[in-house]
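What follows is a pair of complexes built around subunit A, which joins subunit B in one and subunit C in the other.
Up next, the complex of A and B:
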């Protein structure tokens, strides 16, 4: 029996089509897995079901009855519950209050009924009693819990909605083995109650363990739905990658592998910290070392920590032959390290200030300047901006007057006035247009040719395959595989990213 | 037309137009209000406020809800220290200046450390400091007025120094030039705007954010101390809480001048106009016999009106 059915659902944001044609049918009593790479459209599909995004076209049926979902409230009324990947908990409230937050039991419609709330929450807390770990109790403040315990509360909150259709978007990312097993037991119980469950995960072993059927989405289109029992990981990944997955990265687009003839630009040994553990690698002068893998597997955390803006608990970093271990970005910059974040708004743009002041901070620091003479600075700033083909009217226009791509070029230009030895790129092309991307990668290759060591993390696999000499694939905070030479294929990249370490 | 409109909406232009209107209004209410001598006296009073507001200005520009409510207390304390150190003798002027600057820097340092190391919000930290300073004033003075201004200091503040203009106005002009230079032509100034606009991006670009913030509070304390010293010269002797009114007034002057309370936007030229405007407003209120409490109400209401007019409320949230 069909619990939920979507047919021909589409959604465009301006000119970009996030979802071209989404089809999905979830049966009562099954765990239905949704798979697709970053940006394939699966999260847009989930948001449409949950009511936070309204589709441009297409039909939605619940229990074979056509429905229109106008917002999150109406989705809840239609019997849809969702687990949010980005945690939606109130940190200063207790576990039991968070669990019941969506529907607080009240007396005379005004006062919270504490006794009923306790009783209701206890039912869900008790499900995870064995695995919740130390310090977890009904009246503990959510803000004091560990990440895995918070994720459990999020799961309990989704379960407490008692919705016939439940969506779990990467619910297990922070959980340990025992917690995952316990959660899967509960999911199986739910399927016996004929509920329909949509499950998103990037761990192939989990998908095999819990899933009944899988729907694969690629480039905004539903490709197919398969029975998981009748398929294997290899074919699933092939379907996600599409036809050209076995082609090695084009050699013409990537510079020849440097054999370390000039020595190492940066060496990292057994580095561990928050979000990554035991990472070792060496990047040669003139080499572009790619970081691949699914989003949030420690790549960003590692780059930020090398730059002095994260936490390092053990291991060492060397630039050339000397210990580096930056204590702050200021320290890192002084010693020849550069960092460009894809999150311009937070890490890069000094909003409301002129373009010139967005380029000069690094120059101030490295040249120990006190006085800022516009005429002298102009001679340094203009060539840096021109090498990126940045389009601007006047150096004194506010940076906000530029397009996103041009803003990012300005941010990158600040590192070109005084050349660093090592350039850390943390998904630098996020949200910028194609021509700006092309300019950026042309510059990155030129910088590599001039002898910089470059670490490149990108959430777009094509960028890694097209530019990196080697690719380290990250999985759960550590490097699970290294791809070199002709091994650098889309297929291998996916396989390494999706196979659990 | 839109260009004219956007020009007319600039805070500095608004302030200058309002200054002219208020002078005209004052002249109508009481002939002689806008005479040369009277305007000079207004400018002396404005320069005292303007010097306090210079420090307030940099703290507010530095962002993260930066504000210094302790300036009123520092002004009072500085006036008392100066009065006791010089005690009517010109030879005591230099030691008094040094003592005042040291005291201002010290309390600014405490504010800065509280805000950066202990992560106390500036509003709370400096309000607490104001309370401490007010208590301290009662203790050290034990209710008895003490200390006199040196004649040299008094004449610097009240008598013409060059071109018929008193020294304090020249000092204020010099501070104005210095502030403009600092904010727009030094690395320090650019960094103030950077941390005020996007603190995290500034940190990632190697700006020593905490050190900067401590420095800004110290600058504020020292400007307030200079103003306290000059205030002693203006009034001859120090009396209970002379500086009290400067806390609110300095904030209004900064906002009048178009500096955003959210930080990162604005400058000192507007603040100078704001200080003059405020002093003229106060003078008119005195002319029409509105007492101190009435003036305070008008000031408070003015600040609220300004916030609405410039639409700063939204900027604070962003």
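Up next, the complex of A and C:
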């Protein structure tokens, strides 16, 4: 019996299509797995079902009855419960309050019924009693819990909705083995109650263990739905990647090995910190070292920490032969390290200020410049901007008047006035268009050819395959595999990212 | 050596637990310290009589700080709270005078004053939560509007409140000063309110608005209700200021708005929302009152009083931050 059916659902944010055509049918009593690479539209699809994103088009049927979901409240009323990947918890409220927050039990419609709330929450806390770990209790504040414990609270909160349709968007990413096993036991119980469950995970073994059917989404489009018993990991990954899975990186691939004639640009030894542990690598002058793997496996945390913006607990970093270990970004910049983040709004753009001011802050810092003369700065700024074909009217236009791609070019230009030794790129092409991407990578390759050491993390595998000389695949905060030479194929990259998790 | 570190850690952990349960403890310690300081400079200032005077003078600020707390719970702010106070103040004084100043007139005027406060709160709530304008600017704009309305009702300060009203406020009932009854009722009211579903929802919205929306909370309604509570308590604050000054003044509350915000922060609540207590705000308002009183009893020359007051508030704020940081470390 069909519990939930979506057909032709789409959603666009401005010009970017997050979901082109989402089709999905979930049966009663099954665990239905959604698979797709980063940014393929899985989470958008889930949020549409849960009402926190409004679709532009498409039909939703629950128990073969067409419904319109206007928001999270109406989704709950239709019998949908969801675990949000980014969690939906109030950090300063207790575990039990969070579990019951959506429907607080009340007395005379006004007061919170503490006794009933305790009792109701205890039912779900008790399910995970054995595996919740130290410091977990009903009255602990969620903000004081470990990430895995917070994830358990979000699971309990989703279960507490007692909804006939439950969505779990990457519920296991922070959980350990025992917690996952316990959770799967509960999921199996739920399927016997004929509930429909949508489950997203990037761990192949988990999907095999719990899933009944799988729907594969690629580039915002539903590709197919398969029976998991009749398929294997290889063909699933092949469907996710698309037809070109076996093709070697790309025709414009960079040379596999860089002659280490000038020695190492940066050496990292046994570096551990928040979000990553025991990472060691060496990037030669003129080399582009790629960081691959699923999103949030420690790549960004590592780059930020090297730049002095994160925490390092042990290990060392060398630039050339001397110890680097930057204590702050200011320190890192002074000593020849550059960092470009994909999150321009947070880390790059000086919002509302002219383009020229957005190009020059690093120059001010490195040259200890006290007084700025625009006419003199222009000679330094214009070549840097032109080397990337940045389109702008006047240097004094506000940076917000530019497109995302051009803004990012301005941000990169600020590092070109005084050349750094090492360039850290943290998913630099997030949300920018194709031609700007091409310009950026042309420049990055040129910089490498001039002898910079470059660390490139990208959430798009094609960018890594097309530009990196070597690729380190990250998994759970450490490097799980290194791909060099002809091993750098889409298939290998996916497999390394998905399997061992 | 190892043992020492462990004990100090458990002590810090215990302190942190205590602070999590009672975030107003630093504010309480500061109030006690300020009381002692007051006693040091002028033993007379700790007498029953002067404490009653202090309470009746600062009861309006206490209520206004509590009003402010409910919107700050939800991560909003109300810069019009003081103007609502002024508006209600002049409205009830004019109405009482016009209706003759009898007991019936006073009660009817107070009831209308409460409605007026709720109306102002509703307007703020609609503007901020439903129309999604920036709280800080939107309520600044409505504050100008409310002040204009107050000036229309009573262009110049000075209309006296009926004797019945201010004599009751400043007087005694069964030998106990009336303000203590107000304080007692207030404490009970705050206890009752803290158990409501609304307060939990306000705090959840202030904690993470997106998460609260995705959880299925009616975010817009909850924020509007926060502003309604704020309007209600601002009106109650207006009653106290009317009792204390015994007259109507269309500009009396303007200065008090930012004091109320300061009191909330001194009381240990987070301006970003999601975290705080009304008891803390009550203590924060008393802190401000006591600072002013210390400055007075120290015999500070009048031209230096503002300087000392501002400095003292900064010191107290710093002390609160340090206490919180040590407990969290």
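Here is the rule we go by: the second predicted complex is superposed on the first by the 492 of 501 C-alpha atoms of A that agree within 3 Å, B and C clash if a C-alpha of one lies under 4 Å from a C-alpha of the other, contacts with A are read in each partner's own complex, and residues count from 1 in each chain.
Quick note on the criterion: a contact is a pair of C-beta atoms (placed from the backbone, for glycine too) under 8 Å apart; a residue touches a chain by one contact, two chains touch by 3 or more.
The model shown is predicted, which means the values in this text are computed figures rather than measured ones.
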Exercise. Could you classify subunit B and subunit C on subunit A, in the superposed arrangement, as clash or fit?
Key: clash
Exercise. For A:462, decide between first (touching subunit B), second (touching subunit C), both and neither.
Key: neither
Exercise. Based on the superposed arrangement, let me know which partner A:438 touches: subunit B (first), subunit C (second), both, or neither?
Key: neither
Exercise. May I ask you to decide whether A:84 touches subunit B, subunit C, both, or neither, giving the answer as first, second, both or neither?
Key: second
Exercise. Considering only touches as defined above, state whether A:57 meets subunit B (first), subunit C (second), both or neither.
Key: neither
Quiz item: Thinking of the overlay built on chain A, is A:362 touched by subunit B (first), by subunit C (second), by both, or by neither?
Solution: first
Self-check item: First (subunit B), second (subunit C), both or neither touched by A:72
Solution: second
Exercise. Go through the superposed model and pick first if A:93 touches only subunit B, second if only subunit C, both, or neither.
Key: second
Practice problem: Using the superposition on chain A described above, determine whether A:106 touches subunit B (first), subunit C (second), both, or neither. | Solution: second
Quiz item: Which of 3-11, 21-29, 129-137 or 165-173 in subunit B clashes with subunit C after superposition?
Solution: 129-137
Self-check item: Residues of subunit A that lie at the interface with subunit B and also at the interface with subunit C
Solution: none
Self-check item: Interfacial residue positions of subunit A with respect to subunit C in the complex
Solution: 50, 52, 71-73, 75-76, 82, 84, 87-93, 97, 101-102, 104, 106, 110-112, 114, 141, 157
Quiz item: Where on subunit C does subunit A make contact in their complex?
Solution: 20, 195-198, 200-201, 203-204, 207-208, 210-218, 274-275
Quiz item: Which of the residues in subunit A end up touching subunit B in this complex?
Solution: 307, 309, 329-330, 333-334, 339, 341, 346-353, 357, 360-362, 364-365, 369-373, 414
Exercise. Would you pull the subunit B residues touching subunit A in the complex into a rising list?
Key: 185-191, 193-194, 197-198, 200-208, 264-265
